[in-house]
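Letters are used for the chains, namely A, B, C, D, E and F, taken in the order the chains are written, and counting of residues starts over at 1 for each.
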């Protein structure tokens, strides 16, 4: 069960309205790595965790927090939209600054939500659950989470560069901090999982005999030029303890694939080519 | 520029046809973490890399390889569809095994592609570029890549459990191996980037004064129960060198958000509530 | 069968071209509550109606009309795009008003449709059949329809505020009127259905013993603060004739959900947590 | 801010596993009118409410409750997947019942989530924020909400017919009850709003002179046959107090739409037709 | 304006119910090349035609017809769903044929539409306007139309193979015929356009000096093996009158692309690679 | 297998940065007919070709080339984004030209990709595999290909009109040329297929007795007005050798569709209408 408390987790008050920034800020609300994504990703991971209550509680703690971030950013978007010049056509025709705002703002903020946040990214594309992952394997999912918090903090930093508003920057400073915590916690969990499971290659439960081990540590040079051969991934010890190898001229093992002619009942092209 | 060589990188020959498994196998072709995703993700990361040619070459090596995996799995899907019972209605009505195959196979394999692979996942949903990430920040993107190879290898392992076909298992054994390599290489690259950039919190370039540091290491207990307090993420040293803190009863700092009444020109509900 | 007559149902002539408004107007053509949505929603409802020919005819009357509205708005969009400054780069570099238009217009209007309407919303997202509903239950669907006409008329009113063009306003005045009619007619149908079916809770056919009646009239206070307790939905008579109740501190009946550990063959995390 | 409590709002324990029903049940989790939709719809409505705290609290009470329903159904799905025959190929080949289950279950439950719920509908299509609505106009949105609870309860009733499992039916009986409450409460709110705003045509704030009133109460017979003329929507008093009219042979007012020839710089077809 | 007449254009009566075929038949209703696609494609092309009334009328004739095909197939789907075994769980547990039907049918047909057609393809993915094209250039669009009718007729032929029902086959025989007509008419229109515009390369209006003519007739051998050199596309006269050339070893003209280092304000990876 | 060579196939260097054009150029990278579409379409067609190696090689030659075009345009987009004014808010507030650029550019270029290309169209909608087609029938697919190259070249021509940059125009001149070649080659292949298969109506393998031949050559006048009767598609010889016929007043053959009442277990509306 979820309970809502009216206070925001942190301040969400801009100094002044800014409809263009409202549009840009939507990215971290309803974009691929916005707050809707991390909230839903963590909640589904938590719901699906089988056993392992300590991890589940950590995941649910964070999922519930992210719901509060959705609220915080939605509130900021609404306030940035106060005073959007959506009924000032006459002025817009003469004043290019107003014209640029009307041309650049998300039309949904005027027409669909009536000066409110929308569940979509900075280009106006609706949020999709196709963004999220909850695989049931905690090591895999901690990596998904570490990635999400890394992409998310990067986007917050870029948005920080895009505004001069001290109120907005204040909220972003909090989000930078929380993304720091979340990167830290998922890295710590990951480290513990790798130790407890005794390996870093996910899933750790695959029997050795399932894997074609000859191919497990070779870097194939499929892009001309050997710059990559200079990396620590091309020779020496790999993170899983085996040695990396470099293959400068990869060959194929699978032969040329020729498919059987199509049977007549699929009405594809009969064999014409002789 | 890209060049195609006709040989497959590895064998893709099933022992016998299996339209149901062809449907399931689509997940690692056109699903969220299928080969289309990693191929396109790496290629876009490579195209967008600015400077850092060594990393770029590694990324392009791997992106080009993944295109070959798309081909390998597409070929396997086509061969698994040889002999799909799509014109055997009369038999199907009497033979429940044939009936189950016809009911369970992806209808697109019969109607749309004519016994060929489709660019979609195991549920028949078309692949979307919304799955991929190429942020321009290599540390963030290596984490995306490590996640992708972890989710991908997990799905391959699950598919391995779903079939008895030795030809299919042979191809999957190769994919398990390549995902092992790719997890290894992205981990190695990540380790090097963290060392060279001197930090693990992405992006490392955010000035300290941008961040509300009071909130950077606190675990908030937003889900009742304190199981998570027992973890290494709740106290002691965090991966970035600072100390974790645990907050059992989180409070709000942002006050209750009240928005201004809607201006008349958006035709929202006027204030009624007094 | 459908027949097309060349006349438009109403005027669709702007006073002058306006590519930015063309973009905004797309919302009521290809947006969630645009004319494509109501047309397709009503047609599918009509096709699927079983028995009840009087309702079916009303629905088909309206669905066919909405196809004409698609045409009317598409025509208006095309005319608003006459004279779009898409080959005036040199001027645009100097004239910020032209620059704002080029920056703000939908690029599809220039590149994809060549100054024609597109089947997408004001942000350029293609129309999706995921917007519509045709459930087979007329009471449920009349509510979907009443909602669609309410959202639609709201968006028309907001667009009316966004333009000074008398030709555009003339067309919008007609759309406001038709949405008034459609709200009226769906409300009337709904009222009749509620009377004939003898209830307002959809579907009316659920046997009483299927429902956990203890929970059918309770408002649970899941968001801190008791403002909602002051409403007519918290006590007194409910629309279905029973009495509302208010529960200030909701409790759970379902216990703490613990899932069985994952079986080994899904390669999820084994139980680590003890 | 949101807080999570570990107890489920209601029981979510099936008598036995049933992977096919797990797939079907996804509809009310991640479908157009599933719990994700109502949760997100209500939360965004609440976040965007301007003034009108009593309504906002009601909306937030309900939004937070729906998050708990997401959790309840996700838990049920996971339990229905216990014992899915995903590593029993040999048996499946011989036992048509197991074969039908494997052919009919959602492949994502086996391959992607590892026996957990997924954020998608019963066909495996990911949830989309394009489903939801938060317009800022409460009367319009209450109609969206009444529709959502009507469609939702209809789907629960249909799922009730699809299972014999008493544990599942118990959970569905609770959902039927809550959807009864939610239909009741949105109807009550709607009634109050119509009274306070003094009208039933949304938005009530449109000035009379904006609307082409001649067209506001006419039913046009665009589908051959006059069955619809027998309805209460074709004559007599309309819900807004005016009188309905019936137009048996609708005519066009807008003339034949002829567009200007395309300018050469869009490279469309030049005028050929003479 | 559009008018609807109640008669179907052709018979749509199956001999008996068949929920699995109902699912498959959805492909030509709501799939990429289903009737919704051709209807909407032609209508948008017609709405956007500038001048050229003869073509516009042909396009509108056909678009209106296709709306009638949507209706015809929707009706067939509904009739194929009569008698779907959705409340026969007890039987299904024992009877594998019923089990296979319940596992294989589209769950939306039971839960969402209540035995009606849905606006989605055979995998249950909703129709998207991203499928259609209306470019304003008639030659380009006639090619889109010829393709649509070719893919469509191919899918009808494959569906014909999938059923033994004489009523279904009767309807499909009509659709095969109409797709024959539509292929014929678009080919005829295309031929006329090519003659009138004096060329076959679309758009014909591009000035010669815009095009890097050295590259306009070369086949580059980017896939190892020279099978393609044996084709009429590798030497001799091309359809536009020039001569084809074959380049066995393609070279690059654009140099190695090196991008400038990322500026600090995007927080990408600084140059590390030396 | 695919190999990557670092050189670009052609120059991709703009004279100067232009973030607005970078946004527009995305259309031919990640739009419906962008390079991702043709690359993926051809590769899937090649993978699925059964027999017919000469055609397969041609398709693979072209698919591999198109991957190189993705790279070329991605590089151009990145270079057009050099110098995007994304940290110049103070200037933007005063300088409307900078304001228009910031309002008009794709926010993803600043926030998500950090001045790199994105896998999406000019409106910011992610590329979808729902755009592509690989049916297994070469005649049908050659028509899809001819259409794709026609739409693509049209869009390149329109983009050529939208820029004054000589570097950009140079790259577009190459793309115009390659689209000329590809239109030529698919037309040639089509002509050969029509000859070898002995017919132009796809698929050519449908037995005559499957088709309701009475309807195979009739143009039905479903849109009022007889302009279309003046075309070569209304009388005289059709491309398949039969004669066209014109039907000025189309009638229905299928009767009025009445569906059986809904069975009680779907909880639709019972028959009310008498």
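Methods note: a contact is a pair of C-beta atoms (placed from the backbone, for glycine too) under 8 Å apart; a residue touches a chain by one contact, two chains touch by 3 or more.
Not measured: the values here are computed from a predicted model.
A.B. asks: Chains shared as neighbours by chain C and chain E?
C.D. replies: In this structure, the chains that contact chain E and also chain C are A, B, D, F.
A.B. asks: Using C-alpha centres only, name the chain that sits farthest from chain F.
C.D. replies: Max centre-to-centre separation from chain F belongs to D.
A.B. asks: Tell me which of A-D and E-F has more C-beta pairs in contact.
C.D. replies: Output for the comparison: E-F.
A.B. asks: Cα superposition of chain D onto chain E: how big is the rotation, rounded to the nearest 5°?
C.D. replies: 120
A.B. asks: How many angstrom lie between the centres of chain B and chain C, each centre taken as the mean Cα position?
C.D. replies: Here chain B and chain C have centroids separated by 32 Å.
A.B. asks: Centroid of chain A to centroid of chain F, CA atoms only: how many Å?
C.D. replies: Whole-Å distance between the two chain centres: 29.
A.B. asks: Please output the residue numbers of chain D that touch at least 2 other chains, ranges allowed.
C.D. replies: Correct list: 1-9, 32, 48, 50, 53-55, 60-61, 63-65, 68, 71, 75, 78, 86-87, 96, 99-100, 103-104, 110, 112, 114-115, 120, 123-126, 128, 130, 135-137, 139, 154, 157-158, 161, 203, 205-206, 222-223, 225, 250, 252, 259-260, 262, 265-268.
A.B. asks: Can you tell me, using the touch rule above, whether these chains form a line, ring, star, complete graph or other shape?
C.D. replies: Here the contact pattern is complete, since every chain touches every other one.
A.B. asks: Using the touch definition from the top, list the residues of chain C that touch chain A in their complex.
C.D. replies: Within the complex, chain C touches chain A at residues 20, 23-24, 27, 31-32, 96-97, 99-101, 103-105, 121-125, 154-155, 158-159, 161-164, 222-225, 250, 252, 257-262, 264, 266-273.
A.B. asks: In their shared complex, at which residues does chain C touch chain F?
C.D. replies: Going through chain C, the ones touching chain F are 1-6, 48-55, 86-87, 89-90, 93, 96, 99-100, 102-104, 106-108, 110-112, 114, 120, 123-126, 135-139, 193, 196-197, 203, 205-206.
A.B. asks: In the complex formed with chain A, which residues of chain B make contact?
C.D. replies: Contact set of chain B toward chain A: 5-12, 32-33, 46, 53-58, 60-65, 68, 71-72, 75, 78-79, 82, 86-87, 110, 114-115, 125, 128, 130-131, 133, 135, 137, 139-140, 143-144, 146-147, 150-151, 153-154, 157, 160, 169-170, 172-174, 176-178, 180-181, 183-185, 187-189, 191-192, 200-203, 205-206, 210-223, 225-228, 230-233, 238-240, 242, 244, 250-257, 259-260, 262-263, 265-268.
A.B. asks: Hey, which residues of chain B end up touching chain C in the complex?
C.D. replies: 154, 157-158, 161, 265-267
A.B. asks: Over in the complex, which chain C residues touch chain E? Could you list them?
C.D. replies: Chain C residues touching chain E: 1-5, 7-9, 30, 36, 40, 43-44, 47-48, 50, 60-61, 63-65, 67-68, 70-71, 74-75, 78, 112-120, 126-130, 132, 134-137.
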